[in-house]
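Have a look at the structure below before the remarks.
Each chain carries a letter (A, B and C) given by its place in the written order, and its residues are counted from 1.
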Amino acid sequence: MALVEIRNVHKTFHRDAERIDVFTGLSMDIEAGTFTALMGPSGSGKSTLLNLIAGLDKPTGGTVRVGGAEVSAMTAAQLAEWRSRNVGFVFQSFNLLPVLTAFQNVELPLLLTRLSKKEREERVRIALGVVGLDDRLHHYPRQLSGGQEQRVAIARAVVADPTLILLDEPTGQLDARSSQEVLALLGRLNEEFGKTVIVVTHDPHAAARAKRQLHLEKGTFVEQGQAAAAAEVAS
Amino acid sequence: MRFLPLITAYLGRHKRRTLLTMASVALALFLFASLRTVVTTLRAAADFGSARRLVSTNASGLIFPLPVAYAQRLATVPGVEKVTWANWFGGQYGDGKRFFANFAIDAKSYLDLYPEMSVPADQRAAFLQDRSGALIGSRLVDLFGWHVGQNVTLRGTIFPGEWTFTVRGVYTPTDPVINDDAMMFHWAYLDERSGRNGMAGWYILQIDHPQNGPRVGKAIDDMFRNSSAPTKTGTEQAFNASFATMWGNVSLLMNTIGMAVVFAILLVAANAMMMSARERTRELAVLKTIGFSDRRLFGLVMLEAGIITVTGAVVGLGAAKVLYRATNFNAAGFLPGFDVNGTTLAVGAVIALVLMLASGIVPAVRAARLPVVAALRNVE
Amino acid sequence: MKIPLTYNLRSVRQRPVSTALTALGIGLVVAVFIGMLALANGFAAALTRTGSERNVLVLRKGADSEMSSGLDREAISILTGSPHVARGPDGRALASAESYVVIPLGRMGDTTKLANVVVRGVSGQAWQVRNNVALLAGTRPATGKNEVCVGKRLVGRFPNTGLGETMHFAGRPWTVTCHFAAAGSAFESEIWGENEQIMPAMRRDAFQSLAFRLADPASFDEAKRVLEGDKRVTVDVYRESAFYAKQSELLGRILRILAIMITGIMAVGAVFGAVNTMYAAVASRAPEIAVLLTLGFRPRSILASFLVESAVIAGVGGVVGCLLALPMNGIVTSTTNWANFSEIAFGFRITPGLLLAGLIFAVVMGVLGGFFPARRASKVPVVQAIR
């Protein structure tokens, strides 16, 4: 059984009177422990797919299973709980809470567990250590560079030890060097810690890191390398 | 509460807004406590009165006197233990701007009947001995700077002329509801100087048992029913209560204003909460992504509203309780014993709770219902 | 260059809820302000209308109210003979000797709630001399009978005050033969009866007061000097209007102080609310402000613009407050005027001046609340805001 199983998923958006079908019958698997890059033109539904996997959105038809759990059928309350334990999400614009320090930001997911204050502190330190920011524990986001903010965001995503780490354009707002650092970190998380990483990205460097590259076009994914062949088949 | 740092961080983001809102809540509850205490103080004054004391007035009205000869006859009524009387003098001191009660009493029997007026033994003796002596309330000492031994002149209104008395003693009430700013002098002096008419204003009687009150009262009124000055006798409490009703619709007025005040501040608090919530849409969506449930976010927003309203309430109610006590406020004598009581504090706490719910409900529901994906998309 | 008002008005519409709540908060403060001052106004009005400029009221020297005064027949006779007293067309002195007592009456609905109602013994002349008094219904009490005329404000609020009904006080029954009005003055809260009946019933052999019309309205000071100096009587002479106005001082002052204290505290709260709203508005509009600055508008214009916006929001609140308060106008309430220990009924009295004061008060609150935020707006640094 794959970690992520997407079966015959349809997703339709309604914008004003217009009806947009993003997916019509999409099916795919993502195995545990893999590093996958989702690529494709703007508006092709990459982020939508990420949201469906994370349970932030529901498909109009079909099922989404993650780790055996039917995410597409859970209630909002169940999803919240499920997400807190199984998913770490990283955004393009970092989305750290500006009123909290780096430490407190990373601690947020742990507030939803039953861990004691001491246990929480220990895990936060470890997480920030992994991303290489143990000297910036009590800085506020505005005191950090873009790259540092994103690393804090990654720490926040991994601190509760989820199986799945989902990233939506994580290097979109970073300079070349910070991007490098972040991508190297993702590689470590996948290889050393066995995390399943799914990255939505435009960045070819990010794609290069991934072991598997899926190209999304017209509502279906094609493996990289097979894109040309598929295009030929279609025409 | 491990979420407290999160909430206080948000409250601290807009310190000025948080403080202003708390201050508004504090002001509203201060005002509320003050207004309600006016009502409770009047009620306490109306409720005061010994169950063993009866007051006998002229049936035609308080302003009509009763013959002092009644005293002997009253003493013979079964159940009556002690008899005393007093006469309203209504004199003015100085420019007359500060009103205080002054009346003539049959000194010895009056002081006997009112142990609540505590007078040092030597002063009591001095007062009883000096026909033109006066007994003053402790507050008058502070107000006018009077002291024992000095002369005080009142300008008579009902009994014309200048009346000079020598202060012989200061009384301290044992119950805060009793006025501590009254002045009393000898009835004999009043009677003598006003032509020996032998008229008393009203009688106060002590009876043996509270339950005999109605029977004794009826007996007295029957006794004088067909005379030139018929009496109306009732408990001291009824007598005091009738004064309270003379204020008219004061309670209604205070309560209405109180409601308006609370409502106005509710608007201020709700507004502030909604402003904060509106600015946080994106961050709330991120929290949902992390796995904060709708219900949890609802609770956090409510808790934030609660901290603001509860802090404001504690400050406002606390200030009311402390301030009036510390300044010994009694509204220039009209509201003796003005003190914020426990019920008022409890009602204030309930109001704070309602404020919390009402000001937090809209942003809390909005936070719970926030569609994560849409909220995040707006931003990126 | 002044910033067009439409910018402010459109921006206000973008935050409708916030603006509405602020305006409503200010509106409530204004409503309470107007309401309480209307109460004080009504009370003062009732008493000032009670007396006439052309009349004189004579009391025993030292008496602070009609109730504590006492004038015997001899004194009345001497005073009435004075040349300062006007004569009517029939040659009789336009003077009214009156007795004044206060009796406890239970209110309609709950007779344990007592009010001290004034019973005034009047002479026939009272109806002409006393200010503004006019019969509303029925006929004046007949001579020699136990009959009374009840003031308009007592009717319906106390039992047995209807025409033909019988009241009981001072140990006797009294038939109500008429109702009278007196332009909303204190007399409307009184019961009037014939002196010859009232005085013996109350066991009084002296009058309380003498009211007379001045022969020469301008000669009050002289009349006062002469009568007070007359060794045969010991009296205080007042202009009737001034006397009753003075009776309203104590309670009037209390009501006014209360009004100021209560609305003052409320106003501070409302201003805080306005401050919050305006700061939030400024913060969210920082980019627009920066744009305005780059276009060439002066910081001072920005400040003025926000100040005006705040004032307008508050002004709208003020209007709402006035509308909330208006229904109170004319509502009758009553209390005991401690100055003379008598019940007086009066109505809330809202005047155009009071409404204007309320509006101005609202605008002042708006300006106070908007000042610091507006200053912050004018100090927005162009570069930072645009980023």
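Methods note: a residue touches a chain if its C-beta (ideal position, glycine included) is under 8 Å from a C-beta of that chain, and two chains touch if they have at least 3 such contacts.
Here the structure is a predicted model, which means the values were calculated and not measured.
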Chain closest to the assembly centre - both centres taken as Cα means: B
Centroid comparison with chain A (C-alpha atoms), farthest chain: C
Cα-centroid distance, chain A relative to chain B, in whole angstrom: 65
Chain centre separation (chain B, chain C; CA means) in Å: 25
CA centroid of chain A to CA centroid of chain C, Å: 72
Residues of chain B whose C-beta touches two or more other chains: none
Chain B contact footprint on chain C (complex, rising order): 17-18, 21-22, 24-25, 28-29, 31-32, 35-36, 39, 60-65, 67-68, 101-104, 112-116, 169-171, 202-203, 234, 250, 262, 265-266, 268-270, 272-273, 275-277, 279-280, 333-336, 338, 341, 343
Residues of chain A touching chain B in the complex: 51, 54, 56-57, 76-77, 80-85, 87, 89, 91-93, 95, 97-100, 104, 108-109, 111-112, 117, 156
Chain A contact footprint on chain B (complex, rising order): 2-3, 5-6, 9-10, 12-13, 282-283, 286-296, 372-373, 376, 379-380
Touching residues on chain B, where the partner in the complex is chain C: 16-17, 20-21, 23-24, 27-28, 30-31, 35, 59-64, 90, 92, 96, 99, 155-158, 160-161, 228-230, 241-242, 245-250, 253, 257, 260-261, 263-265, 267-268, 270-272, 274-275, 279
